[in-house]
Amino acid sequence: MKLGFSREDELFRAECADWLNGQMAGEFKDIKGITKLTACPERRKEWEQQLAAYKWSCIGWPEEWGGRNASLAHQVIFAEEYARAGVPGRVNHIGVELAGPTILAFGTEAQKQRFLPDIAAGKTIFCQGFSEPGAGSDLASVRTKARLEGGEWVVNGQKIWTSLAHISDWIFVVSRSEEGSKGPKGLTFLMMEIDQPGIEIRGIKQINGDAEFNETFFTDARCPADSLIGAPGEGWKIAMGLLAFERGVSTLGQQMGFRNELDEIIAAAKANGAAKDPLIRQRIAKAEIGLNLMRYGALRMLSQTDHSKIDGAALTYKIQWASWRRNLGELAMDVLGQAAEVAEGAEYEWDTLPNLFLYSRADTIYGGTNQIQRNLIAERGLGMPREPRGDV
Amino acid sequence: MKLGFSREDELFRAECADWLNGQMAGEFKDIKGITKLTACPERRKEWEQQLAAYKWSCIGWPEEWGGRNASLAHQVIFAEEYARAGVPGRVNHIGVELAGPTILAFGTEAQKQRFLPDIAAGKTIFCQGFSEPGAGSDLASVRTKARLEGGEWVVNGQKIWTSLAHISDWIFVVSRSEEGSKGPKGLTFLMMEIDQPGIEIRGIKQINGDAEFNETFFTDARCPADSLIGAPGEGWKIAMGLLAFERGVSTLGQQMGFRNELDEIIAAAKANGAAKDPLIRQRIAKAEIGLNLMRYGALRMLSQTDHSKIDGAALTYKIQWASWRRNLGELAMDVLGQAAEVAEGAEYEWDTLPNLFLYSRADTIYGGTNQIQRNLIAERGLGMPREPRGDV
Amino acid sequence: MEFVFTDEQAMIAETARAFFTENATSERTRKAMAADGIDAELWTAFCQELGLSGIGIPESAGGAGLGLVELAIIAEAAGAQVAALPMLGSLAMAAQAIAAGGTPEQQAEWLPRLLSGEVVAGYVHDAALAANGDVLTGGDRFVAHGASAQVFVVTSNTGAWIVPVDAAGLAVTAQTTMDQTRPYAQVALAGVQGAPLGNPAAAIEAAHRAGFVTVAAEALGGAQAALDRTVGYAKERVQFGRAIGSFQAYKHRLADMMIEIEQARSAVYWAACAVDEGSDEAELAVHSAKSFAADTYFMCAGNMIQLHGGIGFTWEHDAHLYFKRARAIQSMLGSGNWHRERIASMILGDAA
Amino acid sequence: MEFVFTDEQAMIAETARAFFTENATSERTRKAMAADGIDAELWTAFCQELGLSGIGIPESAGGAGLGLVELAIIAEAAGAQVAALPMLGSLAMAAQAIAAGGTPEQQAEWLPRLLSGEVVAGYVHDAALAANGDVLTGGDRFVAHGASAQVFVVTSNTGAWIVPVDAAGLAVTAQTTMDQTRPYAQVALAGVQGAPLGNPAAAIEAAHRAGFVTVAAEALGGAQAALDRTVGYAKERVQFGRAIGSFQAYKHRLADMMIEIEQARSAVYWAACAVDEGSDEAELAVHSAKSFAADTYFMCAGNMIQLHGGIGFTWEHDAHLYFKRARAIQSMLGSGNWHRERIASMILGDAA
């Protein structure tokens, strides 16, 4: 058990910081500090390509596909320095963290050739098509249909909560390819190009006034027969594998974003005197503790190499950060007081902290509500009986 | 809607206070301030008889059975003054608040004659036999058996959590009188004299070191054939009716006990400086608010005369006070600090506040755990689907 | 002692509930949100056709008599629909202040117009207001519906004045506000001549108590509506092949909402009654009601979003109207911690 | 950077777990509870046969070397059984203080006897201790296992001394204590001559950090045991015709325990590692670990009672041992609020 970084690690940290700070002070200074996911997508696609140009776009990937095969420590360090430098979130997060690793794990050689270089280069932006209206987090209830017709998959149905679909190039779609199949059986995992007549995207305006999410409609949407990952009917397996990638190093980058949010709250509390309030002090201390425990929980999870046993830190991570962040949003509001409820301009647009308050209400819902997370923890982690499905 | 008491009410209040304070300063000053339920049972039986001698033992009962047919306001006032005067809890609480009203509602004239005068006079102390080992709050799982044999009921089985059984004269027992019956059917409600060879009582030592509760064993225990309330097989109906009486005026007396506990915490906080701590101040304010909301909730519940509709205040009352009191126990400990964890003498016996902390862990369990309370609220109050029974 | 509605109170409750349910629809509220946060047609109907605007104002001052209990009943019904109305600032605070502390002339000048809805008043409280005689300097950044007000009641901790919107030195700036059904305005006074109320202490006490009780009652109505709507959703929505209301965790969350709401109901009507009856408990009760009901509302509105899943997080669904109103009620007129600290002071004496 | 046990650490964990599970049985613990709260046989076996008592003490001082990570591993295993041992006062605090700040002579005099279990030491901290040179007046009412100690390490905020139990002016009074597995004694010093440690600052820092980490690790072990035992009960206990673990509310309560425990685990080993590695985060980490793990334990032990229903509330069941130990850990060595306020001071500067 060792927490410290080696001297070599620290040199790497300096290298990361130098390059990132240089970019944020130079060519890309216009995007520094942006936290809103929907802001200036074109510049951020350019940023993806800049990362790629300097081989920073997917350092954990194998070298042959554009990565650096970086050690865990290096991945941790890069994620931390990325956020520390105030670099905006990756618009190709889904491509680099989910689609890429899925293709690496389950794709054919041709698919690797087709997709990985473009993802690594920041040229192909991916989004994910899992949730459906009426199905929520219940992947087994997928109703979007796919059928093979004339050498093509023809897809009909609807996905929802497809984050950033409106700026993406590709979408992966879990669809039902076996007529009459139920539950996890008969699903197929397809990669589809978005720019086609059969796919229509409509933004979903959220309670914060922004529209990061979308509804995505498929009406005889098409993709070539070899667009599927794995075999027909293996969609469930692929999707489950993909969800496991969600618990990767990117969590540490996410946490550095949280660090920035908490630091902003701390600065606000110092500025407006809330830092003198013993009740606020306790809550800030709790937030600080919680953030550190997420960090060390993630490091435990990433250090765990024996994947045969269920890792408690991994299983509890989602609900932990979602709940922490929702509390953080409420803390932010209480630190700022009524001033947080008033925006600068005439538009219904919110600064980081009020936006955090509003947006964090989604954190406990998407990717499996806190209720579903607790089911998973009790069932997979503690061996409790599974919640019975109904047949309504 | 009117909260104030009339001038006549206030005169009655003065009368109650005068008499109670006089008793606590005079003949019964040795029992003033006792909060432990098991302390000095003999003196407290004498106190029951003193109450009866002055017609204070059951003022809400009809006059013909020893009561005063007192108005709601008068019952409220008496309960409040009783606790305010530091009078210990009634050892015949079960007799006066549950057994008596049940007999009044469902008993025969002969049973009324047999029991009510003695309960009113403080001569017959009752306890209740509902819970069984392995059945918890699940009355429908009762396994204690009763059969008619030679003009007598013969009872075999075991009850648990029979509070104060060791100082009681009678017990009412819910038993299964129809061989092979299941669930709420086939139950019978019997009144049994405790002092007989077939009934054995063993104290259950609790985590606070005290033994208020008991296990009660029935081995061919007997009672006459006419000892049942209602008809054979009607035990469920009678028991449900009895449980409704639990939400009576006595709740206000209970609350005055809570008032005394909170006042003791407030005094301790002032004495040791905890009252200067903003975190403690918030919690004391919350406790004060909660106590008042229980009081006004109880008054809403008691003022409600239309019993056809489900009363939200009544349905939520149990979990409300149980949770409030558990929080109060934790607040008490935090106010007192480590000192609360050290007792005066060599015995493992606790002062009011540490005892509150320990004992209140039972409040959220007995009489239906908080989990069962939430089921009832959601199902009866909000019309949610019932939790399915299993058949294990 | 009888803690249930009288027949008359039950009738007012039924009338108000029917009126707001029918008229304060989501569609109309959203139209108001996009403008100044007032459904003008609804306000006119409420004041003139329904004639409930005078409740809580003595008949001698042109009101309908009755008291805070009845005012709370109406606020509860309005809150249940998150109605876009200037009830809080104009009626519960400004009109109450003028009715309790204004001279007969001031009452005659302003109350009829406020009660008819013809004039909207704003209530500006500034504990640090500088008053040089009746020349006032100070203001407040968070005056509810302030941009729609034609007149303000301005108070410090000891003084109270009437200031029309066209007074020299007064500047009103509308603010983009999270709760668009009750947008704030910044009201700045720079040497403004105010018309002093005759009895400022009575005015301030009346306005604050009525304000606390009104927002608490709104919160109660909003919390109950959040529960009712979620219960409705729980019965119809199917997930994992079951009505989601059949999941015990879901049921228990609903039960927890009901547990809080029942207490909030006791709190609101205890406070309203205690003020109406001049009880010693009035101060304790109004602080209890404001803090408890606001927290209950926020908890219930948060749960409403959570228990609706993704749809509850969309602009299209009404959940966010409840959520934002709940947050606004928590932070306006003193935070929960502030109210509880007031109670702590009563019980424990002042802090260090 | 690798945040998992080394093979050696995993072996120590396995050894300790097996030892305490086998030997620190409920029956033996209850026997100790009825006496002085020490299972003497267990203590001797732990110190002498198992030989784990020297862990965290440098080999140069007669210890086994290794660090707080290994000490935490052992405390976690002991805490899981609520073992009745003087580990906290004698090893984690007194021996650590002497090892870190004692002179070579003091180390040679005391450490071998402490590590062999022959002598039990108590740790007395009194921030207001009056020291006239090395003549000490003050004391503490809550010295863990103090009535069984033959020697005390006495500290103020700046000084540290060794005081044998037979020193003139020293009075030790056993106290009836809620957690009978770790009874307190009142230790009063009235002009007692102490033997000063060579480096008091190092002694105090080492004792407090090791104390915080040790009780945090005990809390982690206790919380995990509370969960494990409740999970076992949930699988076998049937109510309403179903295994109670099939009720979703029950499952979610268990899940909530696991969520906290996983964080507590990160906290404990983060803190132990940070101290061992001399990290800048050590201070933040030990305050985090003590406050977080203690709260986790209390929550889990409370749930253990609740989820066992009536039986969980009896003396006969072990749930109350966990519950009382959890409460004791919460209140000893600084409350959770105190530790969090220390963290707040680091982040926000001192309060007003």
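For reference, chains read A, B, C and D in written order, and residue numbers begin at 1 within each chain.
Please note the rule applied: a contact is a pair of C-beta atoms (placed from the backbone, for glycine too) under 8 Å apart; a residue touches a chain by one contact, two chains touch by 3 or more.
The chain list, named the UniProt way, goes like this: A, B, C, D = Acyl-CoA dehydrogenase.
This structure is a prediction, so every number in the text was calculated from the model and none was measured.
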Next on the checklist: Count the C-beta contact pairs for A-C and for A-D, then tell me which is higher.
Outcome noted: A-D
Checklist outcome for this item: Per the C-alpha centroid definition, the whole-Å distance linking chain B and chain D comes out as 40
Checklist entry - Which residues of chain A are in contact with two or more other chains? => result 278-279, 282, 371, 374, 387
Next on the checklist: Please output the residue numbers of chain D that touch at least 2 other chains, ranges allowed.
Outcome noted: 243, 246-250, 252, 337
Checklist entry - Looking at which chains touch which, would you call it a line, ring, star, complete or other? => result complete
Checklist entry - Inside the complex, what are the residues of chain A that reach chain C? => result 131, 134-138, 140-141, 160-161, 204-207, 209, 279, 333-334, 337-348, 350, 354, 357-358, 361-362, 364-366, 369-371, 374, 387-392
Next on the checklist: For a test of understanding, state which residues of chain A touch chain D in their complex under the given definition.
Outcome noted: 1-6, 9, 72-73, 76, 266, 269-270, 275-276, 278, 281-282, 284-286, 288-290, 292-293, 296-297, 299-300, 302-305, 312-313, 315-316, 319-320, 371, 373-375, 377-379, 381-385, 387
Item to check | Touch list for chain A against partner chain B, complex | outcome: 277-279, 282
Checklist outcome for this item: So, in the complex, the side of chain C touching chain A is made of residues 141-142, 175-180, 184, 238-243, 246-247, 249-250, 302, 305-306, 309-310, 312-316, 319-320, 323-324, 327-328, 331-332, 335, 337
Next on the checklist: Looking at the complex, which residues from chain C come into contact with chain B?
Outcome noted: 1-6, 9, 69, 227, 231, 234-235, 243, 245-246, 248, 250-252, 254-256, 258-259, 261-263, 265-267, 269-270, 273-274, 277, 279, 281, 284-285, 288, 291-292, 337, 340-341, 343-344, 347-349, 351-352
